[in-house]
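Across the two complexes that follow, subunit A remains constant while its partner is subunit B and subsequently subunit C.
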Partner chain A sequence: MILSLAWKNIWRSKRRSFVVMSAVAIGVWSIIFMVSFYNSMIGAISRNSLQHDYSHIQIHHEGYLSEPGLGFQVKKPSMLMKFPSQIPDIEAVSSRLIVNGMVASPKTNLGIQVYAIDPADERAVTALSGFLTAGDYFTNIKRNPILLSQKLAEKLKVKVRSKVVITVQDLEANIRAGAFRVSGIFHSKSPRINNGVIYVRHEDLSKLINLPDTAFNEFAYLLKDNESLIETKQMMEAKTNNLVRTYREIAPEFDMIEEGSAISKQVITVIVMLALLFGIINTMLMAVLERTKEIGMLRAIGMFKSKIFFMIVLETFMISWVAAPMGLMAGFLTNLYFEKMGGLDLSQYAGALEQYGGDAIFYPEIAQSTYLLLMLVVMMTALIGAIYPAIKAVNLKPLEAIRKL
Partner chain B sequence: MILYIKLAWRNVWRTKKRTWITASSIAFSVFFACLMQSSQLGSYDNMIDNSARFFTGHLGIHQVDFWEDQIIDNSFDQQALFELDLTNPSILMGVPRLSSFALASHGDRTKGAALFGVSLEEEAAFSYLERKLIKGDYNTERGVLMAAGLAANLNLNVGDTLVLMGQGYHGVNAAGKYSVTGILKFPIPALNQGAIYLPLETLQEFLSAPNMISSYSILLEDSQDTEGMKAHIETILKGKELGVMTWQEMLPDLVSSIELDYYSGWVILIILYVVIGFGIFGTFLMMIKERTYELGILNAIGMTKRRVQIMVAIEIFLLIFLGVLLGVLMATPIILYFWSNPILLSGDAALAMEKFGYEPIIPFALNFKIFYNQGISIFIIALFLAIYPMLAIKQLKIIKALKE
Partner chain C sequence: MKVIELKNLSKIYNPETIPVRAINDVTLSVEEGEFTAIVGPSGCGKTTLLNMIGGLDISSEGSVDIGGVSINEMSESELTTFRLQHIGFVFQAYNLIPVLTAKENIEFIMVLQNRDAKTMQERSDDLLDRMGIKDQRDRRPSELSGGQQQRVAVARALASRPKFVLADEPTANLDSGSTEALLDIMAKLNKEEKITFIFSTHDQRVIDRAKRIIKLVDGEIVSDEQP
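For the complex of A and B:
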């Protein structure tokens, strides 16, 4: 009985109910939009830095952390190379020799990290070859080819086939310089790599600094998926006495960025819900005050206080029940629209976004569970918003209420 | 008019509860919007100030080819500037800077480093360089000040000797030994991992570039007043091989990240305002519905509809004004507090900020513009929403209203 009474009450004042419903629906819709937007940005940053920079797992000599350089090379590198055939979840491996140095063009010189790699392996792990904007992937130059980022190329004023000189220190602290030619220019999705990494072939660098072909100080592994990260790490640890770390251990910012975005999403949700709360209290209180006489009458003819209370709460609930799914639907459709339209294009701000390792095109991302969670949050908000007006309704004195107006 | 205001004032306070509900929902949105904009603008000011003081100045005077091609050969003789009169009330100060790149070695370790030749005394006031000192002495004649991260990588400490190798003016080989007199700690990783500061003359000598500087950085009274000053300085520099650039031109990524952040902040605010707007609209709806009888009477005893409209409009204005005032009053002490005590982030959050090259603090800006922006926004929304009550009054049927 109370149920149908509440339902009828809502539709008695269509305009008012419509206003509250719109507020709830727009609030829900905007939360979905913002959350999808955030997810998309954070997802892109994490993905870019995972897939194009850190990879899932890296192996170093345990001394390498405190003193990165040639001094601490990985132990038994041939073992590490075989991991992809031994451990099922590993997709690819890239072995690297990393050394700090300087690159000089006729114009200027810059401090950089030299990554000496096997081109085919590196391509399989970080998809480096996919980022080329000019030249090609180590094939057009016979002797000492080098790959560098667009950013560095602009600073150095070099083009494809330009000559640059790389200066590094060998194991005995002698300065060694070698002439290289630019084979390709890339624009990676990782800002760290764009800002200061250049790629050369392993055989060229090891010749320059007089190290054997088997000298490496970093192994990076790409896994088939993220699920088996920990097991794969443990399997690797059992087979080697080098230091094995997952990308989360190497770069704690993965966790921080995710945590930071979770906090931002919660803050937005709370703010919108607070605004909604004001709207709900506001309207329901009006609804109660407006119906003073009627509620007094109900009380006078013997309706229990608890039932009146319940009726008001139910009215609030119903309004949200009708409105929240509309908002969810609108959010879902907006996301669908952007997906179909090829994402939300913010290329205008590409410079700023790339600086953080994000993408200029946003594809809305949202977990199914968010819809459900949001529904619950709206219910909670409606409940809290209903309490005060309901108490007001209960506390009306039947006699005074009837006499009023 | 006084009568209208009196009537409206009494009407507003006759229904205290409704007034407070409406005012508090407006106050909440204004309060939140002010805090958010204050922290946003504060961060921008801080970012601009940091970048301008450390890297480019609000304005930078360079040899015309320097910005395209930042090499030592594109430096200029600072004598050229001494002949000019650059004093202007908008210009706070200017400093000469020479920058270059070299390999820095200590023992068996070598790293690339950015060299900054500066006038240490002036730089203490310009970029507050002295405040970054964590060890040793700031004032040095022939020594160098090293960034802490770089010093740690090279295993260097105060008193140790550093070897620098690089390319000097017009391709001359440059090499020298310098003692480290101080260690500087920078919050920005790029600086902390690779900056070396030297007295200007020392670097000029190292690069065989006597009297040459690569830029003359100028700090303005107001960081936004760059275009006008740029034009002013350009007329002074006429005929020289020198050009002047604004920080907006020199730091385009900073400008676009500020814009992006500013607009995304506005998106959140607009959502907030729309949701709040519905709440306000609900109140207006009630206000008219509840008072149909009363307004009908007023109309019936001879108050024209236009006058009723004016009265209700003043009521709405009072409500909005009360809400905005309340919001501003709540926000002001908090903004004031955080303005003088910026929030210092620590732990993970600080690391994340530093990764993106920012100082791990959340500063707040104290700017009239913040309150003004929010006041105007709310006012526009209310103006829009007030269309409904005005129309409702216009369509009021006296007979029908009196029957209620």
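For the complex of A and C:
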């Protein structure tokens, strides 16, 4: 009957209960939406950097980090090319020769990184060919084709088939320059690539700087999934004496972004829960004060303090039990809606989002466990919120309480 | 058999500053089956005396024995249990739980006593019947008249099978008809089932029906008569 009494007590002031329930439901919904939004944004940034820039694992010569350039080329490149057939979790590999240089157009020149690649291999690892906005993928120009980003093309004021000159240093530090033509213009999802990378064919660059076809200073591997990252890295390390690094080691900002996102989500959750907490305390305190005389009567006729405490806690719990699932359902339905509608279009902020490597379309992403976790957090908040009003209720002196008007 | 025994009972408010003796050296005993009215002018200490008998207030001096057990030294928790098991309360303002029906209000005290469902059902049905409000069993207090609410309150007080019922001005908010009806029921219960009732009242209709009248003036018993 105490259960039934607690439930009936909630509905004494329907409007007040409805307001606090709405606050809980809206709070829960907003957290679901916010977490989904964050996950989507951070997921897109990570995915884009991973798939279109760093790949899962990269191999360099051990000295490459201290002196990036042509001086430290990977050892036994032919063996590194065979890893996809030897290690089952590797999807694809791209061998690269990366060198810093200048690109000059008739209008201006820019400092860039030249990525000398095998077009077929690079397509498999970074899906570069899919980002072309003009021209094609190294096929329309027979001699010295290059791919560059829309951003660089705009800066250089060039278009497809325009001629540019790339200047690099060879192994002996001699300046070498070669004429190239723009084969394609792309728009990558990686800001780093957009801002300063030009792709050329490996054979063209190696000819320009007099290096053999087997000269590479970077191998990038795409894995079938992220789960086997560490295991695959260890297998690679066992097979080569080059430096093997995962994308998290190459770009520690991945961890920073994820940690920052996790902290942001926690902070916002705490703020929302604090707001709910004070709302719950206020509501329950009013409920207790309104029933002072009745609680005094209950104490007088022999209801134990513990049962009164339990009753108040139960009432608070019930409010949350009703409201939290409503908020969770609203959050779930909102996410479902955006999924069905092809995501939330944030194109008006595309510029800002692309600066961070994010997507302009927001696809809600949330783990199922988040719903359960949030339910527990709300229950915990309700429990904390119930304590003060419940203490206030049990501390009422029966005689004084009955005398209250 | 003595149900209540008060010895040299006093209640002093503000003992440190300006002491006020609300009850002054009261000694009395109540036998089982009595129908007693404590009367006197407002402020004479009727309610204070009733509260001390019911263990709701603590005496400054003297002792309160209920059924041979002294309640003076009981802890708060022991007093709660004692009230639950041995004392029935009827309040002037009924003090029913507004969200429960008449039947649920009566059964609530038995829930606190951990009685089984069948016992509760039988007891509440019996009390509703005897109070003449069986038809009102599923109504909430707001749907009942003052007299009906007070009958539910008396049924609630009796539901726990207490040693005695303390009723503080039980007819103060009732009209003549309801008062008479309530007094008839309580007198019948007293006569047929030897239930002990102690009232604090200045309602002449209650005084006229009482078998013993204890008159208080300024916290002291000035007369104790059995008309």
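Everything that follows uses one rule, which is that the second predicted complex is superposed on the first by the 405 of 405 C-alpha atoms of A that agree within 3 Å, B and C clash if a C-alpha of one lies under 4 Å from a C-alpha of the other, contacts with A are read in each partner's own complex, and residues count from 1 in each chain.
Please note the rule applied: contacts are C-beta pairs under 8 Å (C-beta built on N, C-alpha and C of every residue); 3 or more make two chains touch, one makes a residue touch a chain.
Because the structure is a prediction, the values reported are computed rather than measured.
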item: Which superposed partner A:1 touches (first subunit B, second subunit C, both, neither); value: second
item: Touched partner set for A:337, first subunit B, second subunit C, both or neither; value: neither
item: Partner chain in contact with A:294 - subunit B first, subunit C second, else both or neither; value: second
item: Partner chain(s) touched by A:304 [first = subunit B, second = subunit C, both, neither]; value: second
item: Which superposed partner A:402 touches (first subunit B, second subunit C, both, neither); value: second
item: First (subunit B), second (subunit C), both or neither touched by A:9; value: second
item: Subunit C versus subunit B, contacts on subunit A by residue; value: B
item: Touched partner set for A:173, first subunit B, second subunit C, both or neither; value: first
item: Contacting residues of subunit C [partner subunit A, same complex]; value: 51, 54, 56-57, 77, 80-81, 83-85, 89, 91, 93, 95, 97-100, 104, 107-109, 111-113, 156, 160
item: Touching residues (chain side subunit B, partner subunit A) in the complex; value: 17-18, 21-22, 24-25, 28-29, 32, 69-72, 101, 103, 107-114, 165-167, 194, 252-253, 256-257, 259-260, 267-268, 271-272, 274-276, 278-279, 281-283, 285-286, 289-290, 348-349, 351-352, 355-356
item: Contacting residues of subunit A [partner subunit C, same complex]; value: 1-2, 4-5, 8-9, 11-12, 293-294, 297-305, 307, 398-399, 402
item: Complex contact set, residues of subunit A against subunit B; value: 15-16, 19-20, 22-23, 26-27, 30, 34, 69, 100-102, 104, 107-112, 155, 157, 167, 169, 172-173, 175, 252-253, 255-257, 259-260, 268, 271-272, 274-276, 278-279, 281-283, 285-286, 289-290, 346, 348-349, 351-353, 355-356
